[in-house]
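See the structures that follow.
Both complexes below contain chain A, partnered by chain B and then by chain C.
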Partner chain A sequence: MTQWMVLYRKEWLELIRSSKLIWMPVVFILLGAMQPIMTYMMPDIIANAGNMPEGTIIEIPTPHASEVLAQTLQQFGTLGLLIIALISMGTVSGERMSGTSAMILVKPVAYTSFVTAKWAAIVTITAISFVLGYGAGWYYTAALFDTVAWQDAAGSLLLFGLWLSFIGTLTILFSSLLRSAAAAAFTALGTAALLSIATSLLPKALAWSPGKLAGLASAQLTSGTASGMWPVIGITFVCIIAALAISVWSLRKYPSIEAV
Partner chain B sequence: MTLLTVEQLTKTFGGTCAVDGIGFTIHEGRCVALLGPNGAGKTTTIRMLTGLLAPTSGRIAFRGFAPGADHRSVIGFLPQIPALYGWMTGQEFLIYAGRLCGLSAKEAQIRCSGLLERVGIASAAKRRIAGYSGGMKQRLGLAQALIHRPKLLILDEPVSALDPIGRREVMELLRELKQETTILFSTHVLHDAEELCDDVLIMRAGRIAVGGAVSEIRNEHRQPILTLEIEQDEQSRNWLRGWLQAPPAYVQSTSANGGGARLVVTDVHAARRSLMGELLESDVRFTKLEIGHTTLEDLFMKVVTAS
Partner chain C sequence: MDSISQEKLLVLIAPLIALQLLLTLISLIMCVRSKDLNGPKIMWVLIILLGSLIGPVLFFAFGRRSS
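So, the complex of A and B:
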């Protein structure tokens, strides 16, 4: 456990020294705050666009506060995912490429600790950024539209947070299986997109797929309940553990680049 | 006392056999050089010993560990090019390495300052590693390999990438370390091995061609050698050319060099007497006739160039 903490603290220090701990939360806060503000300003923006023919009447119904927050989640579902993939794409492959993994893994370090400490660091920074970003979104929605019940907001936060962590885990998995960091990010994002599309195309067959998490989070906001969420949550946890196990296996087999 | 026993160690990559069934033992307190030309399989062997590479077959047994057990806690390793986290300071990296090896925070701190002093980078301890020179990185790499007082220190080409001064300093450090721990290091420079080591293992094409204590190998493979140099006049040169074409029976092998020849002989007494006679008889103007022995370098060259 002490060793795990040492590894985790090193990952944490790296996040601080590389400024990721600053810019990632900032980007998430911008993402979260922008959606309610843009929605609120939309009639003015369109009215001032100036290229409307004379006499055009635009009527945009004021959206419900929970809808605004659900749209905010969609922002995190696109740009947020991209940022998470960018942050975690080199976690394992970068260390392997530079040779530092070889330096560390000849010491009596458990392969599982090495991978899980990295994973925990990614999950922590994702959680911090997402909570801050979603909090900003919730605050501006409350200020400009209406307050969303905090229970619903918290429920959707947890569901969507799990989806984001799942993507982070996938990126770590591909980062340990592939040599190139860019390929890892691309594959993880591709898998996420495929999962989401497949889940919406085959809702029956993939009722328990992690791809449903984003939809469940929205449902929690708009309708107050996310029916059928427990099996999805269970499967997602199983997938995360399996992905970590495969990463550990891959690292044990190929601790350094020469061995690949 | 035997520290490490390796038996029938083999590694194949695809179709090529990088290490081909080698076996050797390392005794406690010895300094062992793994010698060989580039591509002989030295790095592959070292990577298998450190556990970074799984052998295709064979056995690596450490004293006190079951064969094949995780023995990483008793080895310290410095790869050919030490990869360090550039965003850490030297001190942070050393403490990190020490903590990973199971030292307490306090112990790691004490070991760290001692080692930084010892490898001579104490003044740069609080600087980021990214700004270190190659020699400083090498020393920090050596320090991190020593942090947990390993029983076996494994170094992959520790001086190849250094300039002559850095090389000198690292060799001095190794000479000191040799008193405290068992060292295995690979090199393609014979001179380094001869200077520092008790034992050598000469590898060639994935096999150990010659192995054992330096002094024994030197004696065992020692052959008398005659070095003859002549003046560059017509008559002497003709004589030498003719003589080399049909050398007498006591000459085992010859090699012409610059203004003379090097002869490996079987019976040094017969050779001396007979050659002297012939030289006088044919009135050869020789400038040098030296009787000596083959060096380790001759053996090394013979072993690594043998086809």
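So, the complex of A and C:
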């Protein structure tokens, strides 16, 4: 356990040194706050667009506060996912390339703690950024529209946070399987896109797929209940553990670039 | 548009503008001071300045060569 804490602290130091700990929360806050403001100013933006014929009248109904917050979640589902994939794409492959992993793993360090420390650091920074960003979105929705019940907001926060952690885990998995960091990021994003599309196309067959998490988070916001969320949460946890196990196996088999 | 006046909206948005400026400034300083960039420095300065939110993200993700 103490060894794991040392590795975790090393990952934390890396996050600070590479300034990820500064820019990622800032970007998430901007991302979360932008959507309510854009929605609020939408009539003005359209009115000033300038390519409307004289006398055009556009009536936009004021969206419900929970819908605005659900749109904010969608922002995190696109740009947020991309950022998570970008920060975690080099976790294993980068260290393998630079030889750091070989240097650490000749010492009596368990492969499992090496990978899980990295994973825990990614999940921590994702959680910090997402809570701050979603909090900003919630604050601006409350200021410009109406307050969303904090229970619903917290429920959707946990559901969507799990989806984001799942993508982070997928990126670590592909980062340990593939040589290039960019390839890992884009394979993980592709898998995420495929999962969500497949889940929306085959809702019956894939009722338990992790791809449902984003939709469940929106449902929690707009209707107050996310029916059938427990099996999805369970399956997602199983998938995360399996992905971590595969990355440990891959690292054990190919600990350095010479062995690939 | 009737419930909140223009000034109040500005007061609300001000911290966000400050954050955006902070992000641009941090990435610009890091870009100018860095000696080991992926590609020409002037290209990264333009990316940071022109791509409001994406620019700094791209710089942080791809701009620097990790040592």
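Going forward, the second predicted complex is superposed on the first by the 260 of 260 C-alpha atoms of A that agree within 3 Å, B and C clash if a C-alpha of one lies under 4 Å from a C-alpha of the other, contacts with A are read in each partner's own complex, and residues count from 1 in each chain.
Simple rule for what comes next: a residue touches a chain if its C-beta (ideal position, glycine included) is under 8 Å from a C-beta of that chain, and two chains touch if they have at least 3 such contacts.
No experiment lies behind these values; they were computed from the predicted model shown.
Trainee: Put the two structures on top of each other at chain A: do chain B and chain C fit, or clash?
Mentor: Result for chain B and chain C: fit.
Trainee: Considering only touches as defined above, state whether A:Ile235 meets chain B (first), chain C (second), both or neither.
Mentor: neither
Trainee: Tell me which partner A:Lys10 touches in the superposition: chain B (first), chain C (second), both or neither.
Mentor: After superposition on chain A, A:Lys10 lies in contact with chain B alone.
Trainee: Now for A:Ile257: first (chain B), second (chain C), both, or neither, which partner does it touch?
Mentor: Once the two structures are laid over each other on A, A:Ile257 reaches no partner at all.
Trainee: Check the residue A:Ile128 against both partner chains and state whether it touches chain B (first), chain C (second), both, or neither.
Mentor: A:Ile128: touches no partner chain.
Trainee: First (chain B), second (chain C), both or neither: which does A:Gly90 touch?
Mentor: The second partner, chain C, only.
Trainee: Mind working out whether A:Leu158 is in touch with chain B, chain C, both or neither, as first, second, both or neither?
Mentor: neither
Trainee: Can A:Leu105 be said to touch chain B (first), chain C (second), both, or neither?
Mentor: first
Trainee: After the two structures are laid over each other on chain A, how near do the C-alpha atoms of chain B and chain C get, in Å?
Mentor: Once the two complexes are overlaid, chain B and chain C approach no closer than 5 Å between C-alpha atoms.
Trainee: Which chain A residues contact chain B in one complex and chain C in the other?
Mentor: 18, 98
Trainee: Which residues, counting only chain C, touch chain A once they are in their complex?
Mentor: 1, 4, 9, 12-13, 16, 19-20, 22-23, 26-27, 30, 53-54, 56-57, 60-61, 66
Trainee: Sort out for me which residues of chain B touch chain A in the complex.
Mentor: Residue positions touching the partner: 43, 47, 50-54, 70, 72-73, 75, 77, 79, 81-85, 87-88, 92, 96-97, 99-102, 141, 144, 148.
Trainee: Show which residues of chain A lie in contact with chain C when the two form their complex.
Mentor: 18-20, 22-23, 26-27, 29-31, 33-34, 37, 40, 43-44, 79, 83, 86-87, 90, 94, 98, 140, 143-144
Trainee: Of all residues in chain A, which touch chain B in the complex?
Mentor: Listed in rising order, the residues of chain A that touch chain B are 2-3, 6-7, 10, 13-14, 17-18, 98-100, 102-109, 253, 255-256, 258-259.
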